[in-house]
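Next up: the structures, one after another.
The same chain A turns up in both complexes below, where it pairs with chain B and then with chain C.
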Partner chain A sequence: MFSAIGSSVRNQITSLFYGLGFFFQVLKETSRFFRRKQVGYKVLTMQILFTGFEALAVCGILAVAIGAALIIIGSSQLPKFGQSQLMYSILIIVITRELGPLLTAFVITARSGTAIATQLGTMVVNHEIEAYISVGLNPISYLVVPRFIGMVVSMLVLTVYFNLFGLLGSFIVVQLIRPIPIQEYLVELLRAMRVSDILSGMLKALIFGVIVSVVSSYQGFSVNRASTEIPVAGIKAVGQSFVLIILADVFVTLVQYAG
Partner chain B sequence: MPAERSETEAPPVELIDVTVINGSYQILDQVNIVFPADSCSVIMGTAGSGKSTLLKVAAGLTIPTHGKVLVAGRDLYHFTSRQEQDYQADSGFVFQDSALWQDTSILDNVAMPLYINQPGKEKKEIYGLVSSCLRRLGYDEEVNVRPVDLSIGEQKLVSIARGIIHEPSIIFMDDPTGNLDDDATEHLFEVLGSLKTRKATIVITTNNTDLAYKFADYLGVIKNGKLLAFGCYDECLAKAEMLLSGSLARLKSRGQRACAPTDASEENTGRSEL
Partner chain C sequence: MKFKIKFADQIVGLFIVIALVALGGIIIMLGINQRWFAKNYYFKTVFNSSTNLAAGTAIFMKGFQVGKIDAIRLNDANMVDVDFYIYEEYYPKVKENSLLELSVSPIGLGAQLLFHPGLSDQLLAEGSFMYTTDSIEGQIIIEQELVAIPVKDDTITRLLSNVNPVLENVNRTLVTVNRTLTEVNRALAGQSTGPLGTIVGDISATTARLPATIGNVNDTVAMLRARIDTLMNQVDSLLSEAQTSVSNVNGITGNLEQTTAALRDPTGLIPRLLDPEGSIATFLDDDNALFNRVMSIIGQVEQSVRSLQQIVTSLNGEMPQIASVLNETKVAIERAQDVLEGIRNNPLIRGGITEQATQESLYNSMREGNF
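This part shows the complex of A and B:
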């Protein structure tokens, strides 16, 4: 039993080091991306289109619904404690600092993380990755880096979009409960908003984008030979991304509030 | 094996004590082989004997568990990533199962080595080169379709075109006649003839006796991951007598051919005793 545990721990540590090595390789190739002639602009454009543009609808609906739910809960609970004036602060903090980046990252993981892992895994099985190497193309710089950049850019843009729609959703519900002019609503929101709220949300979006893209690509490349490994890679990409996103979220929040 | 050689004298690719183990399965077992320059080396062996892995190790696509790969006398695993990419860009590889990029058109699949090696080329010129290369191989269909729209045989032709379009100095072909009909095979033979004329170094794994008979300057026999023999054509066939069966027997029955041994063949035959 001890030998089995030891072997499992050793495998996990090896896998961790491989993952870190892969991450640094991605960072290194990213720094060279725009200077190279052999760049995958087409892959980058397609990634932004798929991860960013095609996720606008689902993120928009989710954001409006979350904003609406928050205002309904807040407007029914806060007056009981005589704290109605906190509504706008809670909206800003919950949406821009937490739910905006977190839910956007979950949507991106579910849509694009699985897509990247299964697509790269299929390419490994079909020897397409070897074919890239055989013509002198580095698969990390040609396949992973455009996905990495595309996903990080999409994550940042979608988070801003989510925040706008989340706050818009709450405005729509406010009109149903206690109609107020949009100017007044915006002024109250802006008064409650601090630069640190926006920066915190964007920092999280950046970190989550890095996590999802690197984990998904790594899992895609970890497929060995069999097509049955491809769905497993997709599942691992989602599971590991979710865990790392939540851990990173807790860590960033802890640093900001403890600091 | 020569201890010291200058880069100009060194063979284009040399494998030294190469062993490949995947899990508990040994694919190659201490293979030593020198692929002589400007000649066609053909490796024959039964299915699962390790031919494809041997080719991939030589091309730098598979890293062996033990052993070294020397490219022009220099250890491939001490290359910088730039040097490794340059080696791969200057070589062509034809995969057994075509390995075309499925999300890319036939035109871009074949043109990719040109985009990398000759980035300044005009699109029109690239289109012309791709079309002419495909036509030489007997493919005259649309080039703006995806690989999934082609038959397996047509995909193989496209894969061959991708491997040779940039006129690489070393060409690796893994079972190039697999999935090809007789007409396509004839076209391939014409192309191989012209590659030999322009003195490319060609390494082929196959069980096609016609191909081996017509083009092999050097012949190798691999079985269960061990290189049993490698040398100039007739020498190797003579050595492989005790192994004769199937395709080797058919090759033997076609008779002797002129043998042109070189330094490299002497090294190989010295190391790969039956």
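This part shows the complex of A and C:
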């Protein structure tokens, strides 16, 4: 039993260091990406298209629904405490700071994280990675970095769209409950909003994008030779991404509010 | 080729550009709304405490936000230095003698930093010191009415302003009650020499005498009860007598009823008396013979009365003589009595007198006892 535990711990530590090494390798290759004028641009574009643009509808619906729910709950509960003016602050804190980047990251993890892990795992099983290496192409530089950048950019852009849809969707619901001019709504919203709220959301989106892309790529490359390992890699990519996203969210929130 | 794949670059570019424009627009609107590009006029002030104060606290004037606190810090004199700024559009209202007031909600609903513009014509120069309403200088400015402080017309403030005097009165009353209770306690402990102490002493003595008094009262009550019983008996007898009288009255009433009925009877006494052929009418219709006879009898009676009056008058004149005769007769009788007694007591002649035979009268008067 002790040997099993020791072996497991050793494997975990080895895996952790391997993952960290992989992460730094991705960062290193990313820094070189824009100087090399590689064909990876096309991969990047396609990654943003699939990860960002195609997820826009899901994120939009999610944002409008959450904004509407917040408005409905807030307009029915907050007046009981005489704190109706907190509606805008709560809306901004929930959508811009917390749920915007978090739910976007979950959507991207579910859609694109599994896709990346499965795609890279399939390439490993089909020995395509070995082919890239044999012709002198760095698989990290050509395969991972475009996906990494594409996912981070998609996360940032989708977070902006999530905020737009969340706040504008809530305005539509406000019109149904208590019609107010859009100018008044925007003024109150902008009065409650701070740049730090936007920066906090974007920072989280950046971190979540990095986590999802690196974890998914890592799990894709962790497939050895059997095709049955591919779905396992996808599941691991999703599970680890969720856990790391939540931990990162808590950490960033703690740093922001503790500071 | 699919549309999305064919125009992937354009779609992605548009996707990113729209997001960037939206983000930029939001930040620019945020900046405009939060006055990033507007000029602010900075001033200084000092508060006793930083409670309810923080960097970013809004400054209001008549409900409008006119500025914000920029920074607060504790100075060497243990006071709180506050740097604040007034928005450019409200700077013309910042005149000399303007004051700041930290208005704290009395029911715990937070605090507001209020700006009260001075009534001077001179603008307060940027960077100047502005007094607070709590400071001595601020109080002087308020007393001299150099600042426009609006009346706080919210309900709670008005209620509190009304409640405060009441509370002060209640406080004074409680102090008075406390003193009174202290005096009472001292009096009860026998330590007071004042009127209350005397009263308490008297009450104590009275209490000591109370059992004897209660005994007396009991005796008096018993006596009163006996008297009341007697009175009640008398009342009972009176009531029985009254009942008898009432029964008699009832009899009289019955007789009266009978008489009234007889009077009402058309064949009764009155019609018979008034009958022109009746005995009374006949008796009265005698050409005044009866009247004359009665009048003559009255005249004779009058003469007899006059004679009797004369006799009585003469008797009155003879009364002294009659009285003296009677006195002499009385003396003579007494002397005769003495003689008879002497004779009776004399042994020589005792039983010496022959008894006389009495001759009864043949005529018995109506006034004699054995008639």
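Convention: the second predicted complex is superposed on the first by the 256 of 259 C-alpha atoms of A that agree within 3 Å, B and C clash if a C-alpha of one lies under 4 Å from a C-alpha of the other, contacts with A are read in each partner's own complex, and residues count from 1 in each chain.
Assume a contact is a pair of C-beta atoms (placed from the backbone, for glycine too) under 8 Å apart; a residue touches a chain by one contact, two chains touch by 3 or more.
Keep in mind the model is a prediction, meaning the values are calculated, not measured.
Chemist: Put the two structures on top of each other at chain A: do chain B and chain C fit, or clash?
Modeler: These partners fit in the superposed model.
Chemist: Could you tell me if A:I198 is touching chain B, chain C, both of them or neither one (first, second, both, neither)?
Modeler: A:I198: touches chain C, not chain B.
Chemist: When the two structures are overlaid on chain A, which partner does A:G52 contact: first (chain B), second (chain C), both, or neither?
Modeler: A:G52 contacts chain C only, not chain B.
Chemist: In the superposed model, does chain B or chain C contact more residues of chain A?
Modeler: After superposition, C is the partner touching more of chain A.
Chemist: First (chain B), second (chain C), both or neither: which does A:I133 touch?
Modeler: So A:I133 only meets chain B here.
Chemist: Touch check for A:E184: first (chain B), second (chain C), both, or neither?
Modeler: neither
Chemist: In Å, how small is the closest CA gap from chain B to chain C once the two complexes are overlaid?
Modeler: Value for chain B versus chain C, nearest C-alpha atoms: 12 Å.
Chemist: Within their complex, state which residues of chain B touch chain A.
Modeler: It is residues 56, 59-61, 81, 85-93, 95, 97, 99-102, 112-113, 115-117, 119, 162 of chain B that touch chain A.
Chemist: For a test of understanding, state which residues of chain A touch chain C in their complex under the given definition.
Modeler: Spelled out, the residues of chain A in touch with chain C are 45-46, 48-49, 52-53, 56, 153, 156-157, 160-161, 163-164, 186-187, 190-191, 193-195, 198.
Chemist: Which residues, counting only chain C, touch chain A once they are in their complex?
Modeler: 4-5, 8-9, 11-12, 15-16, 19-20, 22-23, 26-27, 29-30, 33-34
Chemist: Can you tell me which positions in chain A touch chain B when the two form their complex?
Modeler: So the residues of chain A in touch with chain B come to 37-38, 123, 126-128, 130-138.
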